[in-house]
Amino acid sequence: MALPSSPTWVAVTPEPLALDPLVTWATRPDCGAVVTFAGTVRDHSADHDEVVALEYETSEPHALARLEEVAEEARRRWPAVAAVALHHRVGRVELGEATVLVVVASPHRAEAFEAGRFCIDALKRTVPLWKREHFPGGSAWSSATEPIVGVEST
Amino acid sequence: MALPSSPTWVAVTPEPLALDPLVTWATRPDCGAVVTFAGTVRDHSADHDEVVALEYETSEPHALARLEEVAEEARRRWPAVAAVALHHRVGRVELGEATVLVVVASPHRAEAFEAGRFCIDALKRTVPLWKREHFPGGSAWSSATEPIVGVEST
Amino acid sequence: MARLLLLGPAREAAGVREDEVAGDSLEKVLAVARARYGEAFAAILATSQVWVNGEPAGPESPVAPYDEVAVLPPVSGG
Amino acid sequence: MARLLLLGPAREAAGVREDEVAGDSLEKVLAVARARYGEAFAAILATSQVWVNGEPAGPESPVAPYDEVAVLPPVSGG
């Protein structure tokens, strides 16, 4: 999680996620807009009325490569985008904690909102991550799954 | 800036803004998505090649009332929205610092993105705030202005 | 006397943020303000919205003692 | 021997995350895996994507020693 010099910062980490360091990193003197998305653990799911935690599994090198591709594609579609950070928790994540952070900085807000939305939508379909739901008395893989696809097809 | 019990939190403040406390406040057990927008001070503007700081002036009671109206309107248009925070700096804001934060929490991400975009667009047209640009050798009111309109007409 | 609240560029042009002005309609209050603060203020007033007690108001709007008349030039927040 | 990488539900069904499997095509490697890990794994494999060295691959794709064959069930990140 060392700060990168390039304007893309991807990470999969077992540590809690915080937005302010990413927004500080993303902010550029020539940029006036930073849009972020945080996905957080909800107390219920399609499968379970009560969810107490999520647990994510991944292959870190494959996940990092795909996160980089998502950021590149966002920059290709919205060339004004200046900085993109995509961080995902792995391991157990408690209720209310953030599971994923998307941060996009750009000179103006329109492309920051659009690219931010693209990044989270693409991340969910292209990055190798699997979610177990923990509920009172057990745990099970989430049934809210999608076949993994390439970033170019999102 | 005491934490409110209602799910709208508006503020105008001379203190630096931080996202993480607002996101923590906005996160609800039944919500899985938090979208934020941060406007930051850019090093240039339409009027000046070099900008070193901005300085905002307001009428605090009128600004707070309008910020409340923006949040209400967002909730009226996207009823799933659970929490809205709208915080704006006043006084002098240095290069790279945030001038405004918008935080929207909702069960799903589509309405969080849409309501977040609405809030910053509406805020700029409806809230009584005036920006001076500081540059080497002086300062002047920003020429990037719009007639103030009511929230219902945004 | 109505309470005048002059904001942003209107405050700067008038040289004062708050003042007291006589007049029982918005038109009369603003005529006094124009005369008192001069041409630079009048030019800004011409492009401003005016609120009475926080609500948009027109020239005919009545103004009672202690009412707040706020002059809001075009805004630039965000 | 190719290196198998079994992820998420595929890892759980196989009982192992990494393994070594003989075979010079993807089809042959996966046939060995099916036989080795049983029906629950085969059912998950049927809905999974398979990558060779990080690139999507089909049954005919050649597999060389030390190639990584990754089994990726439908994902649920975010």
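Which chain is which? They are A, B, C and D, in the order written, and residues in each are numbered from 1.
Throughout what follows, a residue touches a chain if its C-beta (ideal position, glycine included) is under 8 Å from a C-beta of that chain, and two chains touch if they have at least 3 such contacts.
This structure is a prediction, so every number in the text was calculated from the model and none was measured.
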Quiz item: By the touch rule set out at the top, what is the minimum number of steps from chain A to chain C?
Solution: 2
Quiz item: Centre to centre, by mean C-alpha position, how many angstrom separate chain A and chain B?
Solution: 24
Practice problem: Let me have the rounded angstrom distance from the C-alpha centre of chain B over to the C-alpha centre of chain D, please. | Solution: 49
Exercise. Could you list the positions in chain C whose residues touch two or more of the other chains?
Key: none
Practice problem: Specify, in ascending order, the residues of chain B that touch 2 or more different other chains. | Solution: 39, 120
Self-check item: Contact pairs between chains, per stated definition
Solution: A-B, A-D, B-C
Quiz item: Touching chain C in the complex: which residues of chain B?
Solution: 39, 56-59, 62, 65, 88, 99-100, 120, 123-131, 141-142, 144-148, 150
Exercise. Spell out the part of chain A that touches chain B in their complex, as residue ranges.
Key: 18-20, 23, 27, 29-44, 95-96, 98, 107, 109, 112-113, 116-117, 120
Self-check item: Contact set on chain D toward chain A in their complex
Solution: 5, 7-9, 11-12, 47, 49, 51, 54, 56, 70, 72-78
